[in-house]
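Common to both upcoming complexes is chain A, partnered first by chain B, then by chain C.
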Partner chain A sequence: MDNNNRRGFFSLPGVRSLLAALICILIGLMLGYIVLLIINPENAGKGMDVMLKNFLARNKTFTQIKHLGNTLVKTAPLILCSLSILFAYKAGMFNIGAAGQYVAGAGACLFFAYKFSAPWYVCILVAIAAGSLWGAISGALKAYLNVNEVISGIMLNWISLYLVNMLMKPFCKGAEKDTIAFVRGQSHSLIPNLGLDKLFSNNTSVTIAIPLTIIIAVVIWILLSKTKFGYEIKATGFNKNAAKYAGMHEKSNIIITMVIAGALAGIAASFFFLSGFSTWNTNQTSVPAMGFNGIAAAFLGGLHPIGVIFSSLFIQHISDGGTSLTGMYPAQISDLISAIIIYLCGFVLFMKLQMSKISAANERRRRARLEALAAAETENKPDDASEETKGGEAK
Partner chain B sequence: MAGRDREGNPLPLEEMTRKSIRKRSVDGMSHIPEDRHKHGLVLDYPLDYNMVLQRYFEPQFTTSIGFLKPNSIRVYTERLIDEFDIRSGQGAATIARSMSGGNQQKAIVAREIDKNPRLLVAVQPTRGLDVGAIEAIHKRIIEHRDAGNAVLLISLELEEVMNLSDRILVMYEGEIVGELDPKQTTVEELGLYMAGAKRNIHSEGEDN
Partner chain C sequence: MMLLIQYTLVYACLLTVVALGGCYSERSGIINIGLEGIMVMGGLGGILVLAFIPATLPPIIIFFAATLAAMTCGMAYSMLLGVASINFKADQTLAGTALNMLGLALATVIIKALNIARTAGADNSARIIFKDTRPLLSLAKGTEFNMFMILTVVLLVAAYIVLYKTRFGLRLMSCGEHPQAAASVGISVAKMRYCGVLISGALGGIGGLMYLYSCGSEANFETGVAGFGFLALAVMIFGQWKPHRIAISALLFGFFRALAAVGQAFDLLAALEIPKPIYNMLPYIICLIVLAFTSKNSKAPKAEGIPYDKSTR
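Here is the complex of A and B:
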């Protein structure tokens, strides 16, 4: 049918996702700006500027690049967390437990790093194992006992947090709340730089974790879109009954999906903590936000493994930029503003739906007009095929 | 059900009620489900993915290391589209949800019959279809029977039952109450069996 071509560019799903994401970002930024205006009108414009520029707000190119490195170090785990959520989402599950799987992975890799001084790849493998285990628990509960994965995920988040806090206590110096920092060059538990630190003004936290993350995203994309396994996963996510009817092993697919989602969150944690960027705070009483931000990044990225690379980068960019606001605004404001923006990012699916509705309504009107014209020209009854497609679209 | 074909030779029987869904399907059973949206289709998948819903793992559609073969899937779908006259806006790439109910049903029938099953279970195969499509599907089902396969048709349409069946079994309150020959019975008589007013099979199968 020729009218499919005419509907053209804006009805492509990719374009629509991108537009929806941009609209959400824009609304989020505007709301953030309003909040800044309310709190401190004089600095609002400058504050927004600082936040959006993030590392670009630094004076010297050298420090700019160094701070870009910092943002990237935190982006890598965010990408992996949103991949974890995206992967489970494709199978029809909402993996809010990614945060807990992240914590489990962090605990496991740090434990092996401190206790046994295990090399980095061993630590990463251990983190994957721990994350997978956490995911498998949620998955098995869902598959065999029909326990909602959101409930079991949230519970496991807290279990893992306090477990890891306890586990990390012996690795703090004296009465300090943070675990001992790794020293690059002395600890072989840190992920190697392979010269990437040189590219980012000697930012030693920049490791091969960043390129590895991109590779993992591509692998997940291939797995989901090109393989038999991805076919099954998505079929289960779209229509569980049809998947069962087709003879797919939905129970084991659910568990495998959660294991992979958990593994991704585990890798995320190991990539973050084994970069030497941060240590574990054993006094923290809230689950690290990484897993939750992953939800926003996944939706903002249009639930596409490649899309989340960019959405994660944006969210991390804004969050990091927000930390520079502290001079002009109360300390909490950066989190507040980035939270507002991230919150709005979650509305991408809603936006996309609205856009489809609007374009469907336009299409209907256009067709009605065409049909009226055709009816006026010939006195024939309306042609069957166009009736059918119209009916389909109205659904 | 009697375990004999029309010439009276015993059929190779096989217990399949306990087998997994996948095993049943692979061993030659097809099922046109009653609810095409709930069971028959993954509505958000394109037509070609739906056409291989029970066969995607076969070597012709998947490589040995687990990659799908999108081209063979598309070519296969295009063949079915031609053969079964499935109308879809963008051919094999049409999202199943955007197709009309009749064409969705034709797609399911095409998929199930093309598997060339030894047993085809068709539940209300023509529900909600227009006359032309009903004709086409009936013709396919008869052809399938003529090729020597078993067809179990379950339908609420008495016309359909009378026209297609070689043998009619009527169920009432969960048990088979009558076995009838469509050539010798009438719709009125069928109705009496259906309402439970008449029966010609008495408490059989208690000892299964």
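Here is the complex of A and C:
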């Protein structure tokens, strides 16, 4: 009985994903530590400590909680971006365009907020529309014109970046590069706090966006695992031709998938920029990293909607910790570590294969031992005893 | 006008070299999305040589030293893609994306750490200045024509000959079309694919050096290579994975990119008062449109992106 339980536990796919993710993180952190050692051996231990502790490195509980709030504000969009990538990946597409859909969403919601002072829910809807449109372009190009979604996504990333930079220029004060900051209380384009700010030491950036994100993750999980649409999406991802043969509309499924993926990235942007945490820098020359970090979080989270909540939190945690490294080390150390982790995620499939090989070998050994035991017992005690062991094995 | 032609050639050359790199890799069956990261890492090696080599050496030696450094760094870095996608059958797009992010982060960290160590903390930027050696590689004073353009022509001709006229090239391409068939006649698919990835690493590295060289006498690694690796992929697709067509499409893309860089110098275009971001977007928009019209009959290598599995023979 005990034996059976243990085998069941390790052959669970969730446990294997978790184990693989932990191995990736561990190796990633170790390599990061080695890089720290090479750059500046004296402070390596301290640097690692600062990065891993992030908000816990602050000395007062009050500020700790406040900085935890900051991390959470940035984690919410990261979760949504990784959901976007995960969702497309289930349909067999690599949504590297999530970064561009995020930018499009950001541009749309900020434009409505500045130009029309639209209420926050309108801004979010506009962001969703813009993100979906961006996703739909990639999807339609893929479905009807056979354009690889990775290439079209990358092109759209750059197009959206320059477009939004241009669009946001009029909303900067004078010659400044950043758009004007929203003031809470004066602008109703900001997502309401509903008292959540009180929980995080009056951190006004903490809004209902955070609980909403968790709800969206659960909805995506249910959509993928419990509905017909989710099944069709996964079937299309496994084998496009088989799905088509089974009567599924693989073309419209591709487009709808990309629309949803784009919408998720759009929501991500609106949740981030309408929290009042940050403004748009119109001089930026590279696409915001949020969409790309989403790739890391999606794969680290074992491509599971609930898993990505935790992986996003981890990645945001170390990258926030990385920014407090300035002075000792370049802040990009945390980017480096998350990049290493993404790279290692490529080996997850291989790790899982090895794990199942090991557990299969264990299983074979266990069975052989049991059989030998049973054989020995039949020799000693015939009749009822042997039947008992056989019965036990069958269970 | 002269300026536009010069910049068109500068960009076309670097796009050609990188796209040829992508071509070798994809012809062997490995999708190389990581070209952008490979360019950054190769460029890093080349620029460091340009920045620290004594400027008194003959220009040709400086040129070869920098190119060799860029090639070596690019090849070493592309091994990461090779190991992941050939030995461990990893998702090639994922590995490539990781390479892009890793390349940018690693190069920034290395240069920043170097600058901090060199100036005892005074300079923590990701910039490297190479103003002493830059003019030496120029072919004619005051113009943008440089030695890399000659190298590009050599590499282009070599690519055509290697791919279509040598045993190695034909074997390489067979691994991208039908690796099982290639393996059945005794070709080592893994070895061929490693060759493809390593050549693309070398060419990507040279391309990265060419890009950073074209930016002026200061390289800022925080912005990387500004999406040229991805643009090169588009050039490669538009060129239908054929060296001669890649050169032609590189000229087209190079022209639009040059327009973004120097377009405002023309009276006619300046009079239209088109905002600069539009010019910046132009190469990517053109690329999307072009891809939309050409991808239907794509001549992509049939087995690209699929890890080779002996048991499926």
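The working rule: the second predicted complex is superposed on the first by the 324 of 395 C-alpha atoms of A that agree within 3 Å, B and C clash if a C-alpha of one lies under 4 Å from a C-alpha of the other, contacts with A are read in each partner's own complex, and residues count from 1 in each chain.
Here is the rule we use: contacts are C-beta pairs under 8 Å (C-beta built on N, C-alpha and C of every residue); 3 or more make two chains touch, one makes a residue touch a chain.
Just so we're clear, the structure is a prediction, and the values are computed from it rather than from any experiment.
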Partner with the higher number of touched chain A residues, chain C or chain B: C
Which of chain B and chain C A:Ser117 touches, first, second, both or neither: neither
First (chain B), second (chain C), both or neither touched by A:Ala243: first
Chain B versus chain C as contact partner of A:Tyr231, first or second or both or neither: first
Partner chain in contact with A:Ile340 - chain B first, chain C second, else both or neither: second
Chain B versus chain C as contact partner of A:Ser286, first or second or both or neither: second
First (chain B), second (chain C), both or neither touched by A:Gln354: neither
Set intersection of chain A contacts, chain C complex versus chain B complex: none
Residues of chain A that touch chain C when the two form their complex: 35, 39-40, 94, 96, 141, 145-148, 150-152, 154-156, 158-159, 162-163, 165-166, 285-286, 292, 295-296, 299, 326, 329-330, 332-333, 335-336, 338-340, 342-343, 345-347, 349-350
Chain B contact footprint on chain A (complex, rising order): 1, 4, 226-229, 231, 234-235, 238-239, 241-249, 385, 388-389, 391-393, 395
Contact footprint of chain A on chain B as seen in their complex: 20-26, 31, 33, 38-45, 49, 53-54, 56-57, 62, 66-68, 87, 89-90, 97-100, 102-103
Complex interface listing, chain C residues touching chain A: 33, 80, 84-85, 88-91, 93-95, 97-99, 101-102, 104-106, 108-109, 112-113, 116-117, 124, 126, 223-224, 226-227, 230, 233-234, 237, 275, 277-278, 280-281, 284-285, 287-288, 291-293, 295-296, 298
